[in-house]
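Just so it is clear, A, B and C label the chains in written order, and each chain counts residues from 1 on its own.
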Amino acid sequence: MSTLLLLIVILINFYVLGSARLVACIRAVALQGALLSLLPLVAHGPSGHALILGVGALLFKGIFIPWLLLRAIREVRIRREVEPYIGFVPTLFLGALVTAGAFVFADFLPLAAEHHAGLYVPAALSTMAGGFLLLMTRRKAITQVLGYLMLENGIFIFAILLSAAIPLMVEAGILLDLLVGVFVMGIVLNQISREFATLNTERLTALKE
Amino acid sequence: MIGRIVLQLLILLMFAPLPLGVINKTKALFAGRIGPPLLQPYYDLARLWRKGFVFSRTTTWVFLAGPVVGLVVPVLACLLLPFGGLPAPISFHGDLILFVYLFGLSRFFTAAAALDTGSSFEGMGAVREVTFSCLAEPIVLFCLLVLAHGADSLTLGGLLGPQLTSFWHSPHAASLGIVLVCLFVVLLVENSRIPFDDPNTHLELTMIHEVMVLDHSGPALGMILYGAAMKLVVLGALVVRLALPLQTGWLIGDLLVFLVGILLLAVVIGVVESTMARLRLPRVPQVLVGTSLLSVFALVLALR
Amino acid sequence: MLIVLILFPLLAAALSYALPWYQGRSWVLAVSGAVHLLLSLWLVIPSPVPLGPWLGLDALSRLVLVVTSLLYSGCALYAVGYLNLRRDRGNRVIIPCLLVFLAAMTLAISARHLGLLWMAVEATTIASAPLIYYNRNRLSIEATWKYLLLCSVGIGLAMLGMLFVAYAALVGGSTPVSLQFDTLLAGAAGLSRPWLHAGFVFLLVGFGTKMGLAPLHTWKPDAYGEAPGMVGALLAGGLTSVAFLAILRAVQLMNAAGDGAMARQALLGMGLLSLLLAAIFMVRQPDIKRLLAYSSVEHMGILAIGVGLGGVATFGAMLHLVNNALTKGCLFLSAGNIQRAYASKKLSEVHGAMATLPLSGSLFLGGFLAITGSPPFGPFMSEFTILRGAFGSGHTLIGLVMLLLLAMVFIGMGATALGATQGEAVKLDTKFKDNFLLVAAPLFFLLLVLLLGVYLPAPLQTALKDAAALLEVKP
């Protein structure tokens, strides 16, 4: 079950890396978050901790944050990522490369015995790498936020392996931080588009030596 | 042996146009129409068969060879493939390569027939078709490699043998799932379905497969349509076998599982066609490359 | 008691948001700063209280708490005068954000659980983003965006590092796995080495981004340059100290696990790189606030080198943490005054500041002398101690390189700072005048730094020693 979920998560990485439509990308990342919110339950069985964490993650990653982002792009009226720094097909290639790398690398890691078989570690690594790719290759500020979210999703997968170590209060705080962070980023996005009439970050190059 | 071959051929030949009817019916239901009857493809074929041949003076024998090869290839290919629980009638080491390149042969002749007309539209369609197929081919090969790795066999019959059930329950089920998705994409591409191509389109600029057969008429067109229907069933058989590796042990049961599977697949295709928009032409190669990467990824997963 | 220290700024933030009176809001900030300082001193001066499972103050956090609180209260006082000059901007956003920022910093300082620490540091990022955007123009939005994205991603990596540490405990076989810092320290010997090392690297990269260690410092000049002076002071003096504290936690962990040498190597490398890059970019820097930002990168490098060297140098680094925070406070606040007066922070327009604005200009010059390590100011003492540690422990080469780079920084920074302060008086277009509120805090900081250079009070010395002792490898 967890394997299936993580597999879909990885496939969503590919989808986001290869897609130009921002709304679809946001929805895909939202779906990824929602799927991840099922993961604590799948991994640890239906305990109170897992349940609350799952519901929290679903609310924040699956609903609130995508809603914020969708609202943000509705206000600035942009639909597509055009002309990324690296084209979609090369990004996809890179994504496949790092994903394959993550799988190979995960085999070499000194993991605990019970984590060797599952997809948790490679999925976490490849999702983080996908997030980084998105951060680096795209021009639109909103896609960069999506990259950040993907990075956080990857970290979340890894955190599930360790949820015993992270008390609920801290998890809640982390999710809240993420939400408020994206909220602030949304505001900044709005200001960028008002100030520059575009969301392309290559316009943000006035400050340099 | 002979009995099996005859049985499999009979199933294919009799059954082939039905899934097309199911697809059209599903699409009609989604659009809120009643739609043509389920057996409409049979009526169409019968009608086309009654008409006469019309050949342009500029064409040569190649023009007729296209439809004929297109008709023969799926028939041959189906003999290499187990239909549901029925084992493949002919099976030898490495037959999966033959399977892949039989379709390559048919594509070559279809494209050649299209070029034979000398019309620029047909040429354009042939170019697109060949480009997309060449992108789809690695996907099939990678998928078959994954299966071969899982089954430790190089025959199609072995790949799709009874071990599939245990494959689905092993930790490598993930790669099998991806293979299934990839093969479904290939099925859509090879049979020129939405989102890659629209079988109903009539705008030459956007047509891919259909534009190649514009000049065919009467029985030749019938052969093409019949061949396409059989191709759908043959490739579909691959997908269905992967998705439903049930093995009842008696002939009628296996046959029923297979037939129901194909019809379900047709419904799924109908749903996909009704809910998705056709991709812009430049996006098609991107999606295909993405799918090939996915199949590579499946291989990585399987080798892990 | 500690919880009050964290919660009351939040309450004050709510209060100031609700208050319909401009000047009143400013004074809420100033009073909160003062109360925070008093409470912190009251918490810190008596004998140490035992550490709780979530919150607690050890010698390191006591030091950082007092420094941060001192800096904050000064900046809060300054803010009253500053915000009075900028009534058109409004203060309904900046003041609550400043107060939330204070709460988050306090939480980060007193956290005894790595998860809580992470959460608090991320909260400081979010709370400070609106502060950088205060000026609401194209440049400030660019700076805010870079700051927000880079620091968020950096902090994300720190989170990964934290998880790796937890995983090290899991693989090492400790049950139950906990990120509670004292539990981790106690079981450090059993941590799985590869995961601990990976965790340390990610923590260093993550919190190093926040602290502004090269090569992760790229957001710093932009953010410090575009933020108002007092925000720059808080970021350069307060937030960087907090991030440094977070890195020190990782160092403590590595020490306890017996891998302190690797941690020191990493810190030394990043420290020297920071020093080098800062020195290069400070030469011919035409913007006084970006100059200060690079100076901050430089001093973060010095802190890292100090801890990386160990021994006497660690003590020096602790002292330098105090000196750097206070001097940066003086510099940023006086630079803020100069920027207000000249309506520019570029060297092409700013000159003759000493003649035009005798107080702010002199404070800026004094701050410059202090931060570059001229005697008799405090940073001279602390940098000297670090250098002594370098030469004393046989790291002669590192000591020489550091001396060379410090000289280069002095020359590079001197050119800009002297250019801005010396020269004929200029007729100003703005109505800016030095007044008590705008000058008191930087003056106070400069006097403190001067005092620290001349005389180190015994309690402070003990506190610094205790803090440095936490970073020593225990046999």
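The definition used in the following text is that a contact is a pair of C-beta atoms (placed from the backbone, for glycine too) under 8 Å apart; a residue touches a chain by one contact, two chains touch by 3 or more.
The model shown is predicted, which means the values in this text are computed figures rather than measured ones.
Summarising the inter-chain layout, the chain whose CA centre lies farthest from the centre of chain C is B. Distance from each chain's C-alpha mean to the overall C-alpha mean is smallest for A. Chain B has its Cα centroid 36 Å from the Cα centroid of chain A.
Centre to centre, using the average C-alpha position, chain B and chain C are separated by 66 Å. Rounded to a whole number, the gap between the C-alpha centres of chain A and chain C is 30 angstrom. The multi-chain contact residues of chain B, meaning those touching 2 or more other chains, do not exist; every residue touches at most one other chain.
Across the complex, chain A is touched by residues 113, 115-116, 118-119, 122-123, 125-126, 129-130, 133, 136-139, 141-146, 148-149, 152-153, 156, 159-160, 163, 166-167, 169-171, 176-179, 192, 194-195, 221-222, 225-226, 281 of chain C.
Considering their complex, residues 109-112, 128, 135, 141, 144-145, 148, 151-152, 155, 158-159, 161-162, 164-167, 170-171, 173-174, 177, 180-181, 184-185, 188, 191-192, 195-196, 201, 204-207, 209 of chain A touch chain C. Listing the residues of chain A that touch chain B in their complex gives 3-4, 6-7, 10-11, 14, 18, 88-89, 92-93, 95-96, 99-100, 103-104, 107, 117, 119.
On the side of chain B, the complex with chain A involves touching residues 171, 173-174, 177-178, 181, 285-287, 289-290, 293-294, 296-297, 300-301, 304.
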